[in-house]
């Protein structure tokens, strides 16, 4: 578990270096195997993701109750999981293969989420980089990244996300408008690969459309 | 105090890495607690902010007199606080909660300050990143960042800044046209969070408007 | 050989830092001298190029059979060379002077490959940076970088690449549409110089054309 | 001398990190004081500027004869100063206060040199960042950066540069079209400050004009 916690923190540090989690934004989690209890380990709210260490992860169950925090147990009432922890719970419930989830706020995912919000989705196709997404074997693949309207009502967002995951069983990520990207993978390395691929594609596609307009 | 001085320098180094304080520009300060004398510690003029250490900070009072410098006391007449130190003094006087102030010159704050100078302010709204600003709980918040005309008359600028702070009691930063951003926070970490959030929003908003024009 | 393997890995790490090999993309190889057997050492598939070390290189012959991998020999059937290894083989066969080959996916090579695909080539001229390409002595040089349509049929791509290398005996690189750049050099340092020069020129030329359109 | 050589190399490394000296381009020099013989120490041709150390500097006189190189003296005929060394010699001759010269190839100096080549100069005004240039005390300053047509005839370029320095006695830098920037300062730190200020201004001004066109 410690090794995976360190791997998650290393991924978070790299995202910080790239400017994808400014101002303490973003959150990162992984799920332990069924033999290890199937628990979720997630970054606590309000921390600089460029400086987190395994001791800053909260242990929660699928219904998002905090089981343990970085400090001693009687401090648990002061440890606050991010409001967005609920969305991690939804993804782990509805994507049984997902073992890690990354949520970041980049310049390009914010821009493209706004540009295509009225269409309901960003369409990515004909790029070799699509092959970095699990099960995709050709650049002729068509990836649909749904854009949900942003909201502070996380219960409502959870329902929207549930529907979206149901309707798009092969999707690798979901965007919140002017907010950010959720992506997941079958391992921490897999989630990181999906994140890097999608962020690359968001930037290329945004710049390409900039030429044309 | 040493710990806070080191934390301030670390924030300055990170700003240098991002290219926000080129050519020895920018300045950074924090204020000690009332019990610690309520004094201001601020970067001296003309130093590369990517290489400063706690010994490069000047200790000044609220009227910007230098109490101590990095060298022995009899060198005080050679130590020069930046002309912009006055503006730090104004902010600390009129924002009693402010404990740290950052001033940086980025590509995007320079561009957006020019673009909206005639309107008098940059308007930022509907971005999730706004929630990184203290007391803001929803992306539906409307943040107004006033743009002041640039000037070398710092006494006049101080008066303009005083008015702006009075008229915009909930503002988190002020721009000087084609010059840079001042932002502050209740702690060094808070000022850094506001800086990263505002710079993110300046870049996103500038790029978004680039599409539309 | 170890020194060259380390030099190759250092080049790969630098490409990762610049964001040119996101999501485990890209591959890197060098060829040992005839006295050293003329074998090819190439990065294995699916690894993060920002974290590879000499032990992650596969040793293959010119027909791309794996001779040795990073693990013990009886694991050879599990070690997978990238599908693109074939293209390295073609370049080494048809460019006897080539001693190293780099393949990267950057934002700008992806964009420019798409923009000029219908023309069949990107034309770079009148830039001083062209002199970083071997045998080029003046900015008045005209460099033609052929753009091949992307395909998952690597046998067909190999034939296309063979033709292109034959028709353009002085070329320093080839683009695959919406996929990436192949470039080579007479040494690892030479391949890196060509890569940095071409990527610089792709970005400058793309931005220059953005002004004009 | 060693300390200044190390300071020069540190500046070169930082330029490499920022992508301003790709593909072994760029060169860096400083001049020792009259008491130290008034000799010039300059980076040798063909090296990666991100990895140079003091031993990679050539010692030359004002007429660009190599006095000593990084290796033993009998290797001097193999050590090659860059063709652009001549231009360093011209600047040191005609700017007696100059103690360091930096020459870099950035994306933005290449773009802006092309855009304003027909006008003969880039005009920078009304930016606070102008105050980072020596003797400039206000953003109301108007800085003229002459653009010379690029050439491989360095004798002719030297004459053009001589004229330009004579006609623009207060200039802080000169651009070569689609090639790069030369800037200088009264110290290594001064040259670096001018470089960072001019590169910042080239990017801001290029992006600002992008909006308007």
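Worth a mention:
We call the chains A, B, C and D, going by the order they appear; numbering starts again at 1 in every chain.
Note that a residue touches a chain if its C-beta (ideal position, glycine included) is under 8 Å from a C-beta of that chain, and two chains touch if they have at least 3 such contacts.
What you see is a predicted model; the values in this text were computed from it and never measured.
Chain centres here are means of the Cα atoms, and by that rule the chain farthest away from subunit A is D. Centroids built from CA atoms put subunit D at 32 Å from subunit C. If you average the Cα atoms of subunit A and of subunit D, the two centres end up 45 Å apart. For subunit B, residues touching at least two other chains, in rising order: 210.
In terms of inter-chain touching, the protein chains here make up one closed cycle, each touching precisely two others. Here subunit A touches subunit B in the complex through residues 19, 22-25, 48, 105, 107, 110-111, 114-115, 150, 152, 176, 178-180, 209-210, 213, going by the rule given at the top.
If you check the complex, the residues on subunit A that touch subunit C are 18, 126-129, 132, 137-140, 189, 192-194, 196-197, 199-200, 203-204, 207-208, 210-211.
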